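Two complexes come next, and they have one chain in common, chain A, joined by chain B in the first and chain C in the second.
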Partner chain A sequence: MTTATIATDHKIAVHTELVDESIVKWYFYAALLFLTTSMLAGILVSLQLIQHNPFTGIEIFSPGRWRMVHTNAVAYGFLANGFLGCLHWAIPRLTLHPVLDKRLSWFIYAAWQFVVGATAVGILFGEAQGLEWGETPVWIDPLAQVGLLLVAINFMTPIARMKGPMYVSLWYFLAAFIWTFLTYAMGNFIPEYFVSGTSAGAVGGLFIHDLVGLFVTPLGWGLMYYFVPILIKKPIWSHGLSLVGFWGLAFFYPLQGIHHFLYTPIPMFLQYGAVVSTIAVELVVTTVIINFFGSIWGNWSIVRTNLPVRYFYTGMVFYFLTCLQCSFQVTLTFQKIIHFSDWVVGHAHMVMFGVFSMWIMGMMTYLFPRLLKREWASQNLIEWHYWLSTVGLAVMAADLILLGLFQGWSWAALEPWDASTDFSFPFWVLRTIAGLAMFGGLLALLTNIWKTVKLAPAKA
Partner chain B sequence: MFESKSGIFYIAGVGFFVLAFVSNALVPWLMYNNIPEQTVAELINPNLRYQFEDLARRYPESFNAAYGTPPGGEAEHDAWWNEKCEEALRVGHKLYVGEGCWHCHSQFIRPVSNEEERWGPVSRSAEYQNELQRPVLFGTRRVGPDLCREGGRRSNDWHAVHFFKPENLSVNSPMPEYPWFFDGSADKPTARGLAIITYVQWLGSWQESYPYYEAYVKSPLSVPEPEPAADAPAADATPAVEAAPAEEAAK
Partner chain C sequence: MNRSMAWTVTIVFGVLILIPSMLGFMMKFGELVELTKGVSDGGGFAITPVVNYLLASLGFFCLLLWAALNGMFRDLEQPKYLMLENERELDANV
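Moving on, here comes the complex of A and B:
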């Protein structure tokens, strides 16, 4: 399908000249390193909740600090690295132009690992800042900001050089580079230095929301629009729906930040606005889902045989569920009960792991054999990875969402506070088991990569 | 336009982002711009000073090691206490953020779900317009209770024991232990221990209803309401208590 975009005055570009395969591979390794760190952090915190923390009383293992490493490393260490790796594959192939400069790519790679690693170290030494995903200590923020600018320049150059119409993926990528830069600047400087109190809450809400909506989401969907048609060997069902999906997301998604802080002293008219645009985006999401399900319709057997496609569509099912859930939980009626509860934690895991991690895992499953020039060492292990991740996540999300309702009702009924932690205990135990299953899935992947690198014979 | 580079760059990328920033961030920013941001020094109040001086009385050795001893003259004496209290508040805030306390303890009371009855008066914007709420510590999750009315509800001793080993006071508490705030035992808080206790005692100390207790006066029997605490202004304490049953009747 890329052949359609080749201009006639062009010599046909060669994959090896376009794509720096080794940087894709190293981005994936970095992503998996941070995912391992993050999941271990998550397990530590879940063990604390069930009072089985093996490192009780050791300062450097303070669960509160690891709680921040958990979310920070997933967003900036795993998702960002995973996406950057995939972008180094997809953008040159889509535009038929290499990135601006391969040395710049490696500089960005090194700088980014430094940023994420230093953030984790800063957090572990108690230097975190008080904003979710904005924990990055003061002295690293400017470096991260420069890094994001360089990422944008490096990737936007091939897009700018490209002739002819832009494919859907490139709409998402182009917008995402601008949004990510602006979002990071907004979240890491304004609430820390310029505004306090309620307005800082509004800006902070906008930041954490935009980070999911304007950095993770467009990159994820852009990559889906790229990989899905290639793998199922059919075009996207409707170009019109693609347009609706992109522009609907671009317009409605940024308007919702305040829905994270309903019933705070933030003015009610702003809260209502955030609620309405959140429900609106659910309709937009539905069009995107219809578009992708229309694309694969009649061809479902590929989900059984092709693991990357299965990952992608599993992620889309979770995406639809997450957004559907969101359009309920964002209402003031639901907020009375579920705000502050584990419902929200379940929701967050469903979107970050169930959707975007699934997609990255799918892309890794597809790309690793191409990067390593050999087949997966074990088909069994990649199946184990899929099933442990999917079942683990489904159990964890269902468990926490249900628990959130019980907690909310218990609090509203003015039961003693301890009651809510007491009855949470069995749910938290189940959550730990589900988390261990997900971690087991990751171990299956890591083992498989190790085996593939070491043992499997190279392709002729 | 909808598929062109410039359309996506300017309209979706920059335009919609700016629209959202103006409507969702700049509007509340400007709306509350008239409330001046209080500095930490301005946040020190008699309630907090009482708790801070109480720490000095209860843990004299720890306190002297952390802050030294107050000077002689009355004016200097007062300035010294305020200065040390400010220092403790700053350090305590940094610990509260750095240890991620705010991921399990929120700091705002919503006007729904009986939160007023459990925690006290609903949060107001002005309460957050200060240096220690930049970024704001609303929080998003309550594994443990909300803390924005916590100050004064429990003694400094209680907090020391609780930070050292929460289980000792609250059976099956999922809260981590913080022995690194102490010098080996709960009666020897270090500078960090004194600071985090000061910070927690500060929360809600600006309230007229300080210290706020659960609505224990709400008995089905017509028990006369207890006398308000000696150091709290009587006129302020009564409505906070009476408001609860009236609101329940309204529901």
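Moving on, here comes the complex of A and C:
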């Protein structure tokens, strides 16, 4: 157990007083439970596409519903739980102040599992709200909104108590708590109760993309700015440049969600605004990537020897690729071809799994031994987890992106719809195989955690 | 470039670029609002996402001003060293 102390603000900060390690661990367990659910749901949907759905005709197992479980479980079950666990570690150590109240943390933990679990059950029983990524049944929305407010209060208190200039991670976290609260309210309440038709579509577009850019992106980058310097034992290359990245995200990101609805009745000035701000964000992303690669320059061997760092930098490569892809695919020219095609599915998997899930896996790989007070039971299994996840994702993304182009060109040539489903079949089979590989990686991780808890000797 | 010169250049560029841009935007947005008054399908729905964006950005502009006025950007590189130092000390006697 960490017993180190540090003098600050005329008092002594102790790791065990700052960080409640058990809540970090339980957030990780919950995250992995929902990731397992989400991946099983994804496999079920992919089996439907290759006409091997074992549950055909059973309403509760209908692929339309399990697709929503797949997306919601990964966003709110895996990513949110994973990030909350990491934040319970990072924020107290960065600010040298504990969260507002550890009992509140446990209440939020329980309430969040209820929200995500009830969302899955509600979706399966046909209670989904008609909003992409916001299918949470309408009666759960107010509970989730209050939960997000409590999360913000619990974590922003130690940040507010801190004195002096803030490290960039805290800027990202601060913004994420405000943005997530506002984004959730905007997406779940405005289209449901206040506006309708095209206006609701425009707000829905902002919601979908702001969930990625203003919820998971700032939390993900904030945590990378925290964990990478610690693991490579070097400060970030330029703190000033990292702040350029943060403020660039703050001002360019919020308008770009409308790029999901190009060629719709939404006024063209809004569509053009979304295109321009998306391309501008790519420039901001480049500054962030330069900063991280500048930090590790000259010390590349650590990527080979340190698995968490390898996870982090693999995620960054995927992040750069997705953002580069994004700056092309939001143009009207590209949209003509790729809209409604599997290109978009490949892109979404590269973002949610290739980037943010990889980062969370890296953080878990680093933190689990510290939380369990013992080394990993099997180094081989953590390597298998990394390689199956990385290769599986790379194959899946490449397969779907290429397929999207073929589908788009086929539709543009006015070929019959059936022709596109026929030539898609082998691509969908490959996607299922890649998904099974990724699931195999997850099983390797779960086995390793179980073996570590049960078998490995505790650290002295 | 000394500190006062840097501030002067920043303010001059800010005035030259930001003020005309903001005026132009406000005029065009005002025209849109006027155009859609009393017309049910005149594109008035576009006002919702623009107002959403403006409110969010205004909040962050205020935060940026607050941060600048409170010295958050005075020594830009110091927080990265302090963070690592704190981490080292917290883990020192594991």
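For the reader, a short list of remarks on this structure follows.
We take it that the second predicted complex is superposed on the first by the 451 of 460 C-alpha atoms of A that agree within 3 Å, B and C clash if a C-alpha of one lies under 4 Å from a C-alpha of the other, contacts with A are read in each partner's own complex, and residues count from 1 in each chain.
One rule holds in what follows: a contact is a pair of C-beta atoms (placed from the backbone, for glycine too) under 8 Å apart; a residue touches a chain by one contact, two chains touch by 3 or more.
Quick caveat: nothing in here was measured; it's all calculated off a predicted structure.
In this overlay on chain A, chain B clashes with chain C. When the two complexes are overlaid on their common chain A, residue A:V203 makes contact with chain B and with chain C alike. By the touch criterion defined above, A:P229 lies against chain C but remains apart from chain B after alignment on the C-alpha atoms of chain A. Contact with chain B, but none with chain C, is seen for A:F261 once the two complexes are overlaid on the shared chain.
In the overlay built on the shared chain, the residue A:E127 is in contact with chain B alone; chain C does not reach it.
Judged by the touch definition given at the top, the superposed model places A:Q51 against chain B, while chain C stays out of reach. Shared-chain residue A:R93: touches chain C; no touch with chain B. With chain A used to align the two structures, chain B clashes with chain C at 56-64, while the other stretches in 2-10, 20-28, 56-64 or 74-82 stay clear. Annotation: chain A residues 165-166, 175, 178-179, 182, 186, 190, 195, 197-199, 202-203, 205-206, 243, 247, 250-251, 254-255, 257-258, 266-267, 270 touch chain B in one complex and chain C in the other. Taken together, the chain B residues at the contact with chain A in this complex read 2-5, 8-9, 11-14, 16-17, 19-21, 23-25, 27-29, 31-33, 35, 37, 94-95, 97-104, 106, 108, 110-115, 117-118, 123-125, 127-131, 133-145, 167, 170-174, 176-180. Touching chain B in their complex are the following residues of chain A: 48-51, 53, 56-57, 59, 62-65, 67-68, 126-132, 134, 159-160, 165-166, 171, 174-175, 177-179, 182-183, 186, 190-193, 195-206, 210, 214, 243, 246-247, 250-251, 254-255, 257-258, 260-261, 263-267, 270, 273-274, 335-337, 339-342, 344-345, 408, 411-414, 417-418, 421-422, 425, 428.
Listing the residues of chain C that touch chain A in their complex gives 43, 45-46, 48-50, 52-53, 56-57, 59-60, 64, 71-84, 86-87, 89-94.
The touching residues of chain A, when paired with chain C in their complex, are 2-6, 8, 13, 15, 18, 93-94, 96, 164-169, 175, 178-179, 182, 186, 190, 195, 197-199, 202-203, 205-206, 226, 229-230, 233, 235-236, 238-240, 243, 247, 250-251, 254-255, 257-258, 266-267, 269-270.
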